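I've put the structures underneath this note.
Paired with chain B in one complex and with chain C in the other, chain A is shared by the two complexes that follow.
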Partner chain A sequence: MKTIRTSIIGFGAVGQGVAKVILSKNEYLNNMGIDLRVVAIADSKTAVIDENGLDLSAVLARKLEQGSVGSENIGGTEIIKTVEHDLVVEITPTNINDGGVGLGNMIAAFEKGMDVVTSNKGPLALKYCELEEMAKNSGSQFKFEATVGGAMPIINLASETLAGNKILSMEGILNGTCNYILCRMMEENAPYDQMVAEAQELGIAETDPIYDVEGIDTACKLVILANAIFGMNATYKDVSVTGITKITPEALLLAQNNGYDIKLIGEVNGSKINVSPKLVPKDNPLAVGGTLNVASLQTDISGPITITGRGAGSIETASAILSDIISIYKD
Partner chain B sequence: MKTIRTSIIGFGAVGQGVAKVILSKNEYLNNMGIDLRVVAIADSKTAVIDENGLDLSAVLARKLEQGSVGSENIGGTEIIKTVEHDLVVEITPTNINDGGVGLGNMIAAFEKGMDVVTSNKGPLALKYCELEEMAKNSGSQFKFEATVGGAMPIINLASETLAGNKILSMEGILNGTCNYILCRMMEENAPYDQMVAEAQELGIAETDPIYDVEGIDTACKLVILANAIFGMNATYKDVSVTGITKITPEALLLAQNNGYDIKLIGEVNGSKINVSPKLVPKDNPLAVGGTLNVASLQTDISGPITITGRGAGSIETASAILSDIISIYKD
Partner chain C sequence: MRVSMDLELKDIPGQLLLVLKPISDFKGNLVTVVHHHEKRTPRGTIPVQVVFEIKADKLDDIISKFEESGVSVVSVDEKRYLEHGTVILIGHIVHTDIQDTIDKMDETGCAELVDLNLSMPKIDCPSSACLKIDAVNKEELNLVIELLKKIAVEKDLLVIEPIESELRV
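On to the complex of A and B.
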């Protein structure tokens, strides 16, 4: 049995999902030869540390009751620098302007030769190649399946499961909020604003949905895929981005009457990285409904391979983090 | 660089596909630290052996011109027993009555501690647990992604990419011939016999299509999935099987008018393994057209994950064999 000491830096919905999944999968991990101990958890204000392993149930209960994980006044970066552990699960909020605290956390982890598993898109959309290089030089593992598509395992599918293939191009729906809004606009023949409001009421869209509806979230994910799957050296500024805010019910009706959906499609093709609304035939594997995500890979010897799954959700995103942890440490 | 000596036993369309793929991916394999040398190839009548590695282009050309791979009068099993090598790529025709020569070939390989990668469903549909046990006891690797879904990587997706998940159930379309026939019956409002004839003309259905249209092929694949993904101890006789021969254009029309397709669905759910035609809503991810295969996994923490790909084709099936080879030998 390999003992792996980990921190969870960031303890919002996904961070709590990770704690819940680690709790429920303890025996499963042990059966794979992994004794995973969470030695530190930090939220935006507080932290809790126990080098022998935290009682995750107690921490989750405290977060629920008090809104904070603990009483220690120490930041995530400081934990990475001072608490002895092997793995940083970096789940602070995405910031695509400067990478936010996540970027510093990742750098601090790599400087100490620690492994990083993350769902934080910002640092990867800005500094993918630098981070990969740092991880390589320090002998760290760096995995980020959870940054793209939630539970949909597109990165590991392309780079491991489809080993032997050259991936020629990729297109997909990488933002469930936009997909939900477009589907509902078509179903109800309703205007954009009305369906954004509905999505907000249901918790599918955020109070300020600009990050999703303007295609920015999709663009960040495409940058990660362009680098991780296609070996490009891309950053956010290389993406051509159009969102869904100008789609009308009339356009959707016209598409529908001709056998098409309108979907916000992200694609990587040659050197082009593009996000824009596109007509998709209703019988195409990309024409998935609701908040689902989907990605279709064109490969040289396997032909087209399409994968569909839930693109969001705290437990679903935590599942991607767990699969990355297992792939690093399994015997 | 690791030198791996392999035989290819069976040299029909898929066997030749494997040779072509190994030829075209030589540099790719070298970059992964694998020097893959094919030291023996056997078809049903002849064989060719070169312990230093065969010239695959020459063998492929000879097979095309003369219909046979070589002049040596030695069978596949004898090659496995007498030629020194590490890996047997077993691609003889599927026989679900007694496992055919494939079963003996796999046993012979495991007795010598050799690894086996195969697309041959027969031995696995009949003797999965025995073969797994033999492989385990002899320290052999045993991989069979190519037995189910051609290029669609369902086994490795479930067991590796989705590590951490418990797979709760699976349903899918695992036979492209049936899917083609049903799609075309619906499109043309045409009877079963007519569309079987069309599929035969196009090389999508065999001269005797019973194995596909009666659901036998799907049932064999389900047995393999039930064992490999769900840890069952199932054989072909545990499957409840109904084929597509009694589906009428009227039934398809009625389904279509209510927003459904009729698909031959295979499912593993609890202890039930079942193949039968089912109504599938047209907007369900399982409603794929043409000869595509699709599988939808219900998981405990990732939710539903659906994968779609080409279920047949010599290069596509060879791609699954290549990915298995890489997963065994990559550094």
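On to the complex of A and C.
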């Protein structure tokens, strides 16, 4: 049995999802020869540390009751620097402007030669190559399947399962919020504002939805895919971005009458990285509804490969984090 | 463009070659050949239908070659536009000189707007339009959509084009 001491830095919805998944999959992990021991958890204000392994149920209960994980006044970066462990699960809120605390946490982890698994897009969209380089130099494993498409395993699919194929291009729907809004506008023949309000009420869209609806979130994910799958040296400024705010119900109706849906499509094709609303034939595998995500990879020997799945949600994102952890430590 | 021809051949050996060779010589791409040997005409000739793709300016040369070699051309049906594309536009489509937008697309000569469906819900609100474009081939269809995107930037319109896999050559 291999003991992996890990920290969970960031304990919002996804962080709690990770704790729940580790709890429920404990036996499964043990059968794979992995003893995953969470030694530290930090949220935005507090932290809890136990080098012998934390009681995750107790931490989850305390977070639910009191809104904080513990009483220790120590930040995530401090934990990485001072508490002896092997793996940092970095899930602080994403920051696309400067990478936020997540970037500092990843750098601190690599400086200590620790492995990092993350769902935090911001640092990767800004500094992918630098982070990859640091991880390589320190001998750290760096996995980030959860940054793109939630439960949908696109990065590992391209890099491992489809080994031997050259991936020629990719197009897909990488933002469930936009997909929900466009689907509902089409179904109800309703204006954009009304369906954004509905999505906010259901918790599908944020109070400030700009990050999703202007295509910024999709663009960040494309940058990660362009680097991780296509070996490009791309950053956010290389993406041309058009969001869905100008889409009218009339346009959706016209599209529908001609056999099309309008979807916010992200694509990486040659050197072009592009996010824009596009016409998707109703019988095309990309025409998925609701909050689903979908991606189609064009490969040289396997032809097109399309996967779809839940692109968001705490347990779904946690599942991608778990699969990354297993892929690092399984024998 | 794609051409469909009804021909009549003499019932002697080697006649089909007189049809196929000029098509090949002028770099045409043969799609189908149907040789109706059992439907001999009262004139004793054999009807043959051929469909091929050819550059528009080479068609007359091919027909001349057929006539020179005694192949009689009964009918010629050309279909210039092989590709059909759909694009949606959103914005002040009419007030930004819709005639100019259409003319610029048609002027390319290789593609043209064949259908326009316009929805104008309220004065001062953006309109939405569905454009159907016919083009000689996928390359030209892509070019005319690129042109439309350029025009759209100038006129502050949003172009919603088909996904890449639909337009792939």
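To be clear about the criterion, the second predicted complex is superposed on the first by the 331 of 331 C-alpha atoms of A that agree within 3 Å, B and C clash if a C-alpha of one lies under 4 Å from a C-alpha of the other, contacts with A are read in each partner's own complex, and residues count from 1 in each chain.
The rule is simple: contacts are C-beta pairs under 8 Å (C-beta built on N, C-alpha and C of every residue); 3 or more make two chains touch, one makes a residue touch a chain.
Keep in mind that this is a model prediction, so the values were computed, not measured.
Novice: Contacts for A:246 in the overlay, against chain B (first) and chain C (second): which applies, first, second, both or neither?
Specialist: second
Novice: Which holds for A:304: it touches chain B only (first), chain C only (second), both, or neither?
Specialist: In the superposition, A:304 touches chain B and chain C alike.
Novice: Between chain B (first) and chain C (second), which does A:318 come into contact with in this model arrangement: first, second, both, or neither?
Specialist: After superposing on A, A:318 lies in contact with chain B but is clear of chain C.
Novice: Determine, under the contact definition given at the top, whether A:280 touches first (chain B), second (chain C), both, or neither.
Specialist: Only chain C; A:280 stays clear of chain B.
Novice: Would you sort A:265 into first (chain B), second (chain C), both or neither based on which partner it touches?
Specialist: second
Novice: So, A:169: does it touch chain B (first), chain C (second), both, or neither?
Specialist: second
Novice: So, A:256: does it touch chain B (first), chain C (second), both, or neither?
Specialist: neither
Novice: Could you tell me which stretches of chain A are touched by chain B in one complex and by chain C in the other?
Specialist: The answer is residues 304 of chain A.
Novice: Help me check something: in the complex, which residues belonging to chain B touch chain A?
Specialist: Result: residues 21, 24-25, 28, 32, 151-153, 156-157, 160-166, 282-283, 285, 287-289, 292, 299, 301-310, 313, 315-316, 318-320, 322-323, 325-327, 330 of chain B touch chain A.
Novice: If you look only at chain A, which of its residues touch chain C in the complex?
Specialist: 169, 171, 242, 246-248, 250-251, 253-255, 257-258, 260, 262, 265, 267, 269, 276-281, 284, 286, 296, 298, 304
Novice: Show me the residue ranges of chain C that touch chain A in the complex, using the header's touch definition.
Specialist: Its residues touching chain A are 86-88, 90-91, 117, 119, 121, 126-130, 158, 160-166.
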